[in-house]
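Taking it in order: structure first as structure tokens, then the write-up.
Labels for the chains are A, B, C, D and E, by order of writing; each one numbers its residues from 1.
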Amino acid sequence: MSSLEKRLAAEKRFKFYGMFAMTLSLFFVLILMYKIFSTGSGAFVRTTINADVYFDPNFIEVSSNSSKKEIMKASYVDLADQVINQNHPGLDEENFIKVREMYTRKFDYQLRDYIANNPNVIGKTVNLDISASSDLDQIVKGNYPRNVPEAQRKINDYQLSILDSLDSKGKMSKTFNFWFFTNGDSRDPETAGILGALMGSFYALLICFSFAFPIGLLASVYLEEFVKPGKITDIIEVNINNLAAVPSIVYGLLGLGMLIGVFGMPYQVPLVGGLVLGFMTLPTIIIASRASLRGVPPSIREGALAVGATKMQTVFHHVIPLSLPGTLTGTIIGMAQALGETAPLLLVGMVAFVMEIPGGAFDPATGLPSQIYLWSESAERGFLEKTSAGIMLLLSFLIIMNTVAVLVRRKLEVKW
Amino acid sequence: MVDQNSNYALQTSEVYVHYGKKMAINNVALNFPKNEVTSLIGPSGCGKSTFLRCLNRMNDVIDICNVKGKFLLNGNVDIYSPDIQVETLREKVGMVFQKPNPFPKTIYENVAYGPKIHGIASSQNELDEIVKDSLHRAGLYEEVKDRMDDIATGLSGGQQQRLCIARAIAIRPEIILMDEPCSALDPIATAKIEDLINELKENYTIIIVTHSMSQASRVSSKTAFFHLGNLVEYGETGKIFTKPDKEQTNDYITGRFG
Amino acid sequence: MVDQNSNYALQTSEVYVHYGKKMAINNVALNFPKNEVTSLIGPSGCGKSTFLRCLNRMNDVIDICNVKGKFLLNGNVDIYSPDIQVETLREKVGMVFQKPNPFPKTIYENVAYGPKIHGIASSQNELDEIVKDSLHRAGLYEEVKDRMDDIATGLSGGQQQRLCIARAIAIRPEIILMDEPCSALDPIATAKIEDLINELKENYTIIIVTHSMSQASRVSSKTAFFHLGNLVEYGETGKIFTKPDKEQTNDYITGRFG
Amino acid sequence: MLYLSLVFVFILSYSFYFYGKKRALSLKFKKNENLSSLPDYYGYYVVLLVFFPAIIIWFFLLIFKSNFQEMFVMSPVLFPDVATWSSGKFGLIMNKISNLSIIVNLPEIDLTVGDKSILKMASESEIIAAKNLANFDKIYGWSNLTLFIILPVLLGFLATKSISGKLNAQPIVEKIISYVIKGSSYIAIFITFGIFFSLVFEAINFFRYVNFMDFFFNTAWNPNRAFVINASEGFDQEALKEAFGFVPLLTGTLLIASVAMLVAVPLGLLTAIYLAEYASSKVRDIAKPIIEILAGIPTVVYGFFAALSLAPFIKDVGEGVGLPVSAESALAAGLAMGVMIIPFVSSLSDDVIKAVPQSLREGSYAIGATKSETIKKVILPAALAGIMGSFLLAISRAIGETMIVVMAASLRANLTFNPLEPATTITTQIVTSLIGDVEFDNPKTLVAFALGLTLFVMTLILNIAAITIVKKYREKYE
Amino acid sequence: RDQINIVGSSTVYPYGTVNAQRLGESGFKTPTYNPIGTGGGMKAFCAGVGVEFPDITGASRPMKAKEAKLCLEAGVTNVIEVMWANDGITFSHSNEAEPFSLTREEIFTAMAAKVVVDGEVVENPYQTWNEINPSLPAYKIEVLVAPPTSGTRDAFDGKVMEAGCTLEAVTGSDDGCTDYREDGKIIEMGENDTLIVQKLVEDPERFGYFGYSYLKDNGDKLQPSTVEGVVPSAESIATYEYPMARPLFIYLKADHIGVVPGIQEFAQMMVSDEAIGDNGYLTKIGAAPMVPDLINRVRNVTDSLDAMGFDIAACAEKKHPLKDAGYAFSSGLCK
């Protein structure tokens, strides 16, 4: 009996280990999430300064019946200066510059967009929340301390006093930073957004998926179902396992040397980035897919063959559907890795400052991880929270991707 | 020697089968007359399944299995010739396996699969009809008619076996190979299958592996007795069970074997 | 009602089993006397396997299967009580499945697996002895003695089934549940297994699902007839097969069913 | 446009499948012809005859568009000396013209500053060429569209008409599909060659500077020693000898990867077992994708986590028990990396464990085995090949990771097996060498290629060894 | 292609991108910038003329003769060198700690593998700063350094380690001047300055070196040491009075001007008063302007697109018009 007790204790222990391992893994996710969220949440709000804006026709080159194109092309720098003068009466030239620095540099763009959306506002006064500059924003959010000597601050004492007086008048507030979701990269942290990188990653992953998934699936089917084990399979198998171990940066070299160098594909574009990521993901998918193909019992194949299905039909109708969940897991993980990789993108030019939002797989673009990497390298304090927010967005992207795959996977999973 | 006799649905000779180095069938020659039922009997492990699986080239899928010999379908088609399309062969030579192996799909799809890929039905209605008819003949229809969309692996052992029979007859093969089709069936279901066999033999040729002597004598006109990979005796069922030529056969059927 | 009678190896009452919403066993009460063989018979799909699997809680592993009822082992152990160790239970109540399911390991390891985990053998020699003995009793030893280190999935259907029997008896359970243990076996192998059963019943209690009436009458002293999840009749085997109380039973055994 | 036409190809192929199959079936049922193939195959046959030409046309139009443009635009009439231009110059002018072609017909108001700036710098003939190009593009677009729609549709109909009972579609289709499938797996070989060729030339260059033996057997890695003495003498040969010793990188890689695997294998495998065998399907459905997130968190995050949270923690603990721990340690990097690769093990193993047939579990339970015994003795052996695959992927990922190592374990090559000391890995050195400010043909940069090639060959040898071993133990089960 | 493609140094990246953004605001397409390092940038830039090659490369050091050769071989014969500002390398630590005033010799003595003690070359024995100079605080010696392939490291080695090297006097050669000690006191980090800053904050006794812009943005956390008594500032860097200063460059591919719009405008903006004037947008983020005659010279270059004597063929032969002009950086040109 004591042997049974031992066995049961072993059973309990084993189950506990399993549970412990799972909990620990989940706990790691939690910690990392916490790390990211605690610094990143700030990026979703931005500090604004409330001002009455008089859309003075004297300072605006366009009129209420100008076309949208004209409105978008005109300059609003003077109007912006005028607004600041009105909001802070009696500034001399030197102080004006200091106060101007408290507002976002793209203030005039904000005004422009407002006019473009409400053309008949010209000549009227509107109360607007104007975005503050990132330096001010960081002070207000407490990410940059106020109490260090003036020389070590980007916001000087005079600006601080203005800030305090604005604050006491209740003119400082915070709004949701939708720019973060609609803008491309920018070197002004307050206007920097993730959309460009998001689209870049989206196109790259689309290419990666369209390349790696079908080819990975077919290759594993070939190896598991169609060739008799022998020299060729061995060569390919060794090859694939070896490719899995090739560091991602080397795939970057491949992209640079072959795709760009030999095939003359363009630099910096998601097409090449996606292909390189696809090369990288391919072995992961193949290895996972082969493992799950192997799990399909031979009796299923025999059943299909016996009713006169061809090998091809047997594989495509019965074997692949049963192995798809495993293939999908490999794809999820491979794509997750691809989504998080910077190194190979660096060499094919997809780690870059790109402001314009790419419209397709042939436009210059950067990817989410590249963007995060670039922001994390930027000296400006405002990019610190952007980095974390970028990571949050990347994770959301990942979660959406995973959810889709998990839903598909669950649909395909047959219990038997 | 194979003679080109078209009274035979299948003719085999000089059949040798090896699993790797292990010999499983040793120089067997056996012909199967058209529209008759032939039973293969013999002790477990003697090579009945192996031999049966040669007849629709099912052994092709086992890597280590090596089949040699002559196999003629309808007196003229060499089923192991490279020109032969193994799928057409298998469409003509249907099979029910010893261990039921339904697809992990719905009951309906299990039966409809064959007709679908062979384009046997010209319309959905016709397909439904085929499925229903096949299940009916296999004696399963009543039990599953409300569960057509359940996964087939949730059926009981005997139900799975009948489903596999339904699946095999749904494509209307010329020859049906059955590897112990009634092993998991109760007497009534067995009787139904035997009725089915009797009905089918009007148009089809049937080869059945069975352990039940009584079944063999009930359904088959010819019987072949295997032992240790050898064909010991072949002949009219009646004769085999009453006065076999060989000692071994006699021992086996009287249960004095081994 | 379950009465605490220790002449019974197993007592069950008010057993209901559902697969999801589908009912498979409906209010069955059945007791199994010690050191006797009880047969469960009934048409395919009537719930024999389901009922059998309740007796060693094998249905626990099917998510959608829901078992209710009272089950007493040796008159005092409630096998569904939370205190019970399902492993001990299964060590005591061995099982042979309807579909042979050897592990993808060597033949030797398949049989040695149980004794090993239960620590039955004290030495390698003893273990070898147990394996040999079990295989021998299952009538398989002669066929596989040279292939002990081959993977068991390469065996023929009947060989696999006997291997599973050997595997089950290797741990020397008190009660053995056998789900059609001879379905894939030829008469001789069947006879061997029946001999085994006769030999085992001296010390063990055996519950066997079978489709063969003759087998049931050969090996068992009690027989239970199931139909559509209901226990229709239970009694002395002789009585059940000669003058059953119920019309249904009579119909079934005379093959006039359905 | 480009994408739309691609979608069009797919829709077209899809509908032709049904069309072809229908035709085959009608032959069989209405005309009572004997089909020589399964009806599906006639559908596929038509699809292939539609799909491949359409795709080829698509690529053709895509790739050769610029050639057509050039042929049309760069006429010697406008540019008399065009024949003498280098291809670079040709490309530049072509680019300029295509930039111009977008704007030449725009009204003044629509021009941006950038547009004006190229207009200002354009010559007369370039502007004419640009106008030509704009016209050409219009015609080309339309003719493409018609070509693109008409040809595949026509082909499709012809192919469908050609279906007869005698046509044996199956071997044709299967042959094509099998080529596609075969091709897919050969891509892996092409990629391998691609990688090999991307590395080998520069690696050879490296070995022109540094002796083979020195590279593989030196125990000191200090690329900084590789400096130029003066212009005529080139590199200081003595110093070069000592600069690039591969050994400490190898040990560093092994060290960090082992730490990572020590974390990931037990945690991942146990998690997989728990998810597949113990957890309720609800828990599994939720926990599995959450854990998979670990694989997608950008490595910068792990890097910061390892460098700023883990490393100081390890240091504090270490100093607490009196061990000398450096603030940058292989342990910190390995731990973080281990966490990162957990999902490679857990998710993939979970899948293969799930795929083990239920009847095997039942067989084991019926003998009275506990769950854990069943898992250890029956399920894991049956799933072994797949589990090994997951380990392989995990360790590959660990070897390929750089950011975490740079941030948490520093870049110091250190010949040690003590995980409490700093260490660096081969891949990390590859990345650092590649993206520095040093000129391209300096051994400091070239060593990246040599390292890449060495790693490549090393893993190749390991894989060949692995496959020989695994082949002996592969078990097939029903 | 109508969008400028810039590649090159990650040191120039913050400036180049701010400038790119301004160019974008003025009506051009905003250029892209790939920070693949000076060396990688040169390689890509010199790969050829044509739309598939970059238009501009940023460099944290002058083009080398070898690179010029590469350019020439690929047909890139018209290159315009724009030296547009200076950068200072600061030797900093946490501002929680006591300020340091160092000499280059002291830095060398703290960091070098071998140093001179009592007229003999020995393995570096120093554990704390006050062992080197009793007036320094008794902090442990620990310095985070950039990887050997980084330009910052190169510059630091040249300007500090070699300049402060005491070995030469004893051994007669400058062998080993740039060898860092290998006893764990010198920690090689990747080019991740943000991380270095955080590590410095974590352990106030540690030092690190990096570009001046990092210091500017992390004034609340870090303080620079004075070197030879000079505080790093825009002025002291511009005049090279601060010894750890270096020039920054961009190189334009002249053949691309007029094809890809905005190349010239980009360069003009970069050297305009608004950018590198006293309150210029590049100055504010840490670029130190150049001395007036150099500024005038470079503005001349960008306006007239006349390379003013910079010729890639000459550069390949290590000739440069400013090589003998006597600037602190002159000797590094076209080396």
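Definition applied: contacts are C-beta pairs under 8 Å (C-beta built on N, C-alpha and C of every residue); 3 or more make two chains touch, one makes a residue touch a chain.
Not measured: the values here are computed from a predicted model.
*Asks:* Name, by label, each chain that touches both members of the pair chain A and chain E.
*Replies:* Looking at chain E and chain A together, the chains touching each of them are D.
*Asks:* Tell me the fewest steps from chain B to chain C, where a step is a jump to a chain it touches.
*Replies:* The distance in steps between these two chains is 1.
*Asks:* Which chains are joined by the largest number of contacting C-beta pairs?
*Replies:* Looking across every pairing, the one with the most contacts is A-D.
*Asks:* Report the chain whose CA-based centre is farthest from the CA-based centre of chain D.
*Replies:* C
*Asks:* Centre to centre, using CA atoms, which chain is the farthest one from chain B?
*Replies:* E
*Asks:* On a C-alpha centroid basis, what's the spacing between chain A and chain C, in Å?
*Replies:* That pair's centroid distance is 59 Å.
*Asks:* On a C-alpha centroid basis, what's the spacing between chain C and chain E, in Å?
*Replies:* Roughly 83 Å, centre to centre.
*Asks:* Averaging only over C-alpha atoms, locate the centres of chain A and chain D and give their separation in whole Å.
*Replies:* Once rounded, the distance between the two centres reads 19 Å.
*Asks:* For chain E, which residues are shared contacts with two or more other chains?
*Replies:* Residue numbers touching two or more other chains: 29, 36, 52, 192.
*Asks:* Could you pull out the residues of chain C that touch at least 2 other chains?
*Replies:* Correct list: 63, 87-88, 99, 117-118.
*Asks:* Residues of chain D touching 2+ other chains?
*Replies:* Counting only residues that touch two or more other chains, chain D contributes 38, 40, 112, 170, 304, 357-358, 370, 373, 403, 434-435, 476-478.
*Asks:* Identify every two-chain combination in which the chains touch.
*Replies:* All touching pairs, sorted by chain label, are A-B, A-C, A-D, A-E, B-C, B-D, C-D, D-E.
*Asks:* Can you tell me which positions in chain A touch chain D when the two form their complex?
*Replies:* It comes out as residues 7-8, 10-11, 14-15, 17-22, 24-26, 28-29, 31-32, 35-36, 69-70, 73, 214-216, 218-223, 226, 229, 234-251, 253-254, 256-258, 279, 282-284, 286-288, 290-292, 294-299, 308, 310-313, 325-326, 329-330, 332-333, 336-337, 339-340, 342-343, 346-347, 360, 368-369, 372-373, 376, 387, 391, 394-395, 398-399, 402-403, 406, 410, 413, 416.
*Asks:* Can you list the residues on chain E that touch chain D in the complex?
*Replies:* Contact set of chain E toward chain D: 1-2, 9, 11, 26-29, 36-40, 42-43, 48-53, 59-61, 64, 66-67, 70, 75, 147-154, 157, 175, 178-180, 182, 184, 186-192, 195, 198-199, 202-203, 255-262, 265, 318.
*Asks:* Mind pulling up the chain D residues that touch chain A in the complex?
*Replies:* 2-3, 38, 40, 109-110, 112, 170, 174, 177-178, 180-182, 184-189, 191-192, 194-195, 197-199, 266-271, 273-275, 277-279, 285, 287-302, 304-305, 309, 339, 342-344, 346-348, 350-352, 354-358, 370-373, 375-376, 383, 385-386, 389-390, 392-393, 395-397, 399-403, 426-427, 430-431, 434-435, 449, 452, 455-456, 459-460, 463-464, 466-467, 471, 476-478
*Asks:* Using the touch definition up top, name the residues of chain B that touch chain C in the complex.
*Replies:* Against chain C, chain B makes touches at 19, 41-45, 49-50, 98-100, 143, 154-159, 162, 179-180, 183-191, 211, 213, 252, 255, 257-258.
*Asks:* Can you check the complex and tell me which residues of chain B touch chain D?
*Replies:* 85, 87, 117-119, 122
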